[in-house]
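Reading through the structure tokens given below for one structure.
Chain IDs A, B, C and D follow the sequence of writing; residue 1 opens each chain.
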Amino acid sequence: MGKKFERTQIIIGFILFMAFLISIPFFASDYWMTLLVLILIYTVYASGWNLFSGLTGYTNFGLAWFIGISGYLSSILIADYQWFWLLAWPMGGLLVSILSMGVGYILLRIKGVYFAISMVALTEGTRELFGTGYLEPITHGGKGIPFVAGIRLPTLYWSILFLAFATVFICYKITSSRFGLRLVAIREDEQAAETLGIHTTKEKIIAFALSAFLVGLGGAIHCTYQNYIDPNYAFNIQLTLTPIVMTLFGGIGTVFGPVLGATLFTFIHEILWAELTLLYMAIFGAILMILILFFPQGLLGWMKEKGILPKIRKI
Amino acid sequence: MTVREPLLKIENIVKRFGEVVALDHCSFEIEKGSIAGLIGPNGAGKTTLFNVITGILQPEEGHIFFKGKEITGRRPHEIARMGIGRTYQIIRIFPKMTLLENLLVVGKERGEAVVEKALQLLERVKLYDKKDEYASDLSFGQQKLLSLAQVLMLDSELILLDEPAAGINPTLQNELMELIHRLNEEGKTFIIVEHDMKVIANHCQKAIALNYGQKIAEGSCSVILKDETLLEHYFGR
Amino acid sequence: MTNFLEILIRGLMLGSVYALVGMGLTLVWGVVGIVNIAHGEFVMLGAYFAFWIFSFFHLNPLISVALSLPFFFLIGTMIHKRITERLTNAPELSALILTFGMSILIWNLAQFFWTNTYRSVPYLTGNFSVMGLILAKSKTVSFFLALGITLSLFAFLKYSKMGKGIRATSQNSEVALVCGIDTKKMRALTFGMGIALAGAAGAIVSLQWVIFPQMGGSYVSKAFAIVVLGGLGNVQGALVGGFIIGVLESLVTQYMSAKMAQIIPSLIILIILLLKPTGLFKK
Amino acid sequence: MKPCWSIILEDKNILVDEGKVEIKRDNLLFIEGLVSGYGKMEILHGVSLSVGKGEIVGLIGPNGAGKSTVLKAVGGLLKITSGKVVFLGEEITNHPPYQIVEKGMAFNPQGRVVFPEMTVQEHLDLGAWTIKERKQKEEALERVYQLFPWLREKRKRRAAQMSGGEQQMLSLARAMMIQPKLLLLDEPSLGLSPKWVQTVFEKIVEIKNSGIPCLIVEQKAAMILEYSDYGYVLEMGKNRFEGKGHDLLQNPDVRRLYLGG
């Protein structure tokens, strides 16, 4: 009885919260909406990163590659071929998820630090390649593509809100599913998982491609929101790093850790950026070091450890 | 009457690590429904043999047949799904998963059936009460039981156990061996690597002795345990 | 032909400095087990070290190269004792992320204090002309400096007691322990040496290129390519790897474009990791 | 068969010759109530033993009994949770390995115990790491070359190029460079052919005869007991039997349980 009641309470609370989020464009100022858009974009990045890396333990240092590839395709479709944004975005996501299957098939046999480095190398290599003259007819080279997608801020906000919600929902579903368990098994002991009949290569690639799709969609929306793309911007290591820090901050391998991390961190970013622009990155780096040294589990992990939250995977 | 096909057939397996020959033309057969002991001193190649059978290592020469089908060169997960399960000497469960999750992750069934099966198995290894605890919180012996339950989740016909009795207390040891016998009666076949001669003598119908990667003796336990050359290698006499 | 030879020599000279950076990274990674992303930042700090010594004391930059070794060695051992030592038993990736943070912290602080202005040490301008080959004086001197440090490092590792202790720790730390070697101390020393190599490389770099706070990134990516080429922990391999990267860079810059040359490290990392993950020269 | 009887003392059986209840042993190493293990996993639940001057002491027991763990804990490679280790009258519980080595305890761990890329000469240099004086080092080297004459010709050979038996001997030689007052050996026969096992054990006896006591963990139980002055049998991280080597060898319980017949 009591449990059911709790459940209805949660559902009602959730519906009210969603209604509030959806109605924001009707009363909030553009500043707040912009801030929320950023939070939501980073929620997608962080959750998407966590979906693969947090569960399988393969640290993906190539998030910017997902963002850049998808951002480029969608931006080119919008800028050069006048595609409708709603069609261009999924194309970006699809392309990067298909490419990531190939990349994953090749690179996911490399373990640990080497995998992380190979993803950085892939991102950096692609960034340099996009900036050279060889791909200029397609990518416009290093000078970038400024474009206008003809989308209003509220529409963009609702789109990213929908994507963020979908991403978190997918993460929630996966984390509490047996597919999620298989991914965690890979993180805990890949060889043992294999001798227990788990097709680890397949599971890894599926998770990698799914992560690429979600993050890629986020990247496409991000570029549309910025109305601009260039190699240094789209493949910036910063885009890889920030979501990782957010996830670590909230709690790696948890469902709501990345959401919490993205939200808190975007606010911190706003304050630091406004107050300490010149030292912003230094503080960012220091926070990263402190997190690894003292709170490797993140906020949610720490709360689970202390017994404030139950130790279940669904949170 | 046709000749009975052995469940597992090892044929001339050679495995080298650099210049060291870990398995040297090793051959034997395992009958369905038996419990076989695999003995030999440390470094004799027992664990390597397990790794080769389960596909973790690829042999340089030789063939392995399971139920008449060749499994040499297949990936570990394929071999596992064909019905060969194993446990490790150093327990390799998934520490940051609950006991129930440790079993669910292995199961092939869909929907509620898998949960039911997992709970039944937990009951069977007497870990039901701890189903929602992290596997890392279990004692060494309990982890061994959990590891066996994981293999049972797979419905393996052939189960390879790497030193199941080592390092756990006698009561638990007896429980474990009793469980193995009951499973054997239900039709499961076992190969057990064990150092403890008591365990081999009391529980195995047949023993295979390895040394320097070669099979040096094979036969019923009583014969093997009287084998002089074996004793020499094993105990230094 | 002379032109080609010149490009080759230029590549080798470039490579000798890269090798210095790469050897530091491979030592720390192989012996201490810490992947130091912030390695490039110490190259940057080394360059600024030489620059400030030159602008304040007007000392010969060659002296600042010599000074940079003990200075950065001390800094390295201190950083290890205070920070990275805690990661000895932590997962490899913790070190990766921690040093990433350290890298950002260092370059941003450098940017904050020293601004983004490009600086350089005006020393040894002009060229040597040897047998029809025209070689920049600063680069030639750098080459011999880098080579000198490399050879001293080899000699140190091969013949000195500490060097033997460090090699022992990297090959089998349990046996090193039972030999009575304080492996913890060896790791701290190695970390210090790695940082010292990066700092000295930076001081050498300052003789020939401009200095700016974010210069570390390009060095660390080359260093990673060198480690992957030479095999983890293999110092000789790193020297060869450094030469390979240097020559390739020089050739590609000449015959394709400077932009293409920037892709080389990434390309090498990807290719080697796929084909031969243990490196080309793993014994 | 010699008649023997066992007295139950706490939960372990001490086998003693009839009539001589007390065995006088001059303790060099003395371990009491040792509790240790890996991380959360406790392997030793209170092991006590001692090594006297000029003795070979064998430590046997089934796999997982904690034999190697005892040596690692004594050598400072594992953290000791409770109990104490006294060496040469000084407590060395939880001292770092390099201090323990400096006091004169040489420990040869199990398995591949060489530096693969180093030469014989370098191994011996590293063995003498704790010796400060040059003259002492040269003396140690001379003594080791006397003990292992064949090493002299193979000075420049890398360990990776040597056979398993040669590696084991090299490792023994390396340990002797410390000029130890006690030698701990973990399964010196592991992976060796019978001929090499014989050679290694002959060396150990030679070392013992030169006055250096050894504590040896062995799986070849019958063989080690043959050589041992005193032996301990561990089971489940606890003492089970102890007694003179030959007495243990003759004891029907020990034979049945651990000697295969």
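By definition in this document, a contact is a pair of C-beta atoms (placed from the backbone, for glycine too) under 8 Å apart; a residue touches a chain by one contact, two chains touch by 3 or more.
Note that this is a predicted model, so its numbers are computed, not measured.
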| item | value |
| --- | --- |
| Pair joined by the larger number of C-beta contacts - A-C, A-B | A-C |
| Rounded Å distance between chain B and chain D, as computed from the means of their C-alpha atoms | 32 |
| For chain A paired with chain B, centre-to-centre distance based on mean C-alpha positions, whole Å | 42 |
| Inter-chain centre distance, chain A versus chain D - centres from mean C-alpha coordinates, in Å | 56 |
| For chain C, residues that touch 2 or more chains besides their own | none |
| Chain contact topology (line, ring, star, complete or other) | ring |
| Every chain pair meeting the contact rule | A-B, A-C, B-D, C-D |
| Chain B residues within the chain A interface of the complex | 54-56, 75-77, 79-81, 85-86, 88, 92-97, 101, 104-108, 114, 134, 150-151, 153-154 |
| Residues of chain A defined as touching chain C within the complex | 59, 106-107, 110, 112-114, 116-118, 120-122, 124-125, 128-129, 131-133, 241, 244, 248, 278-282, 284-289, 292-293, 296 |
| Chain C partner contacts - residues on chain D that touch it in the complex | 75-77, 96-98, 101-102, 106-109, 112-118, 122, 125-127, 129-130, 160, 171, 174-175, 178 |
| For the chain D and chain B complex, residues of the former touching the latter | 40-41, 43, 62-64, 164, 187, 189-191, 193-194, 197, 218-224, 226, 236, 257-261 |
| Touching residues (chain side chain B, partner chain D) in the complex | 20, 41-43, 136, 140, 163, 166-167, 169-170, 195-198, 212, 225-226, 231-237 |
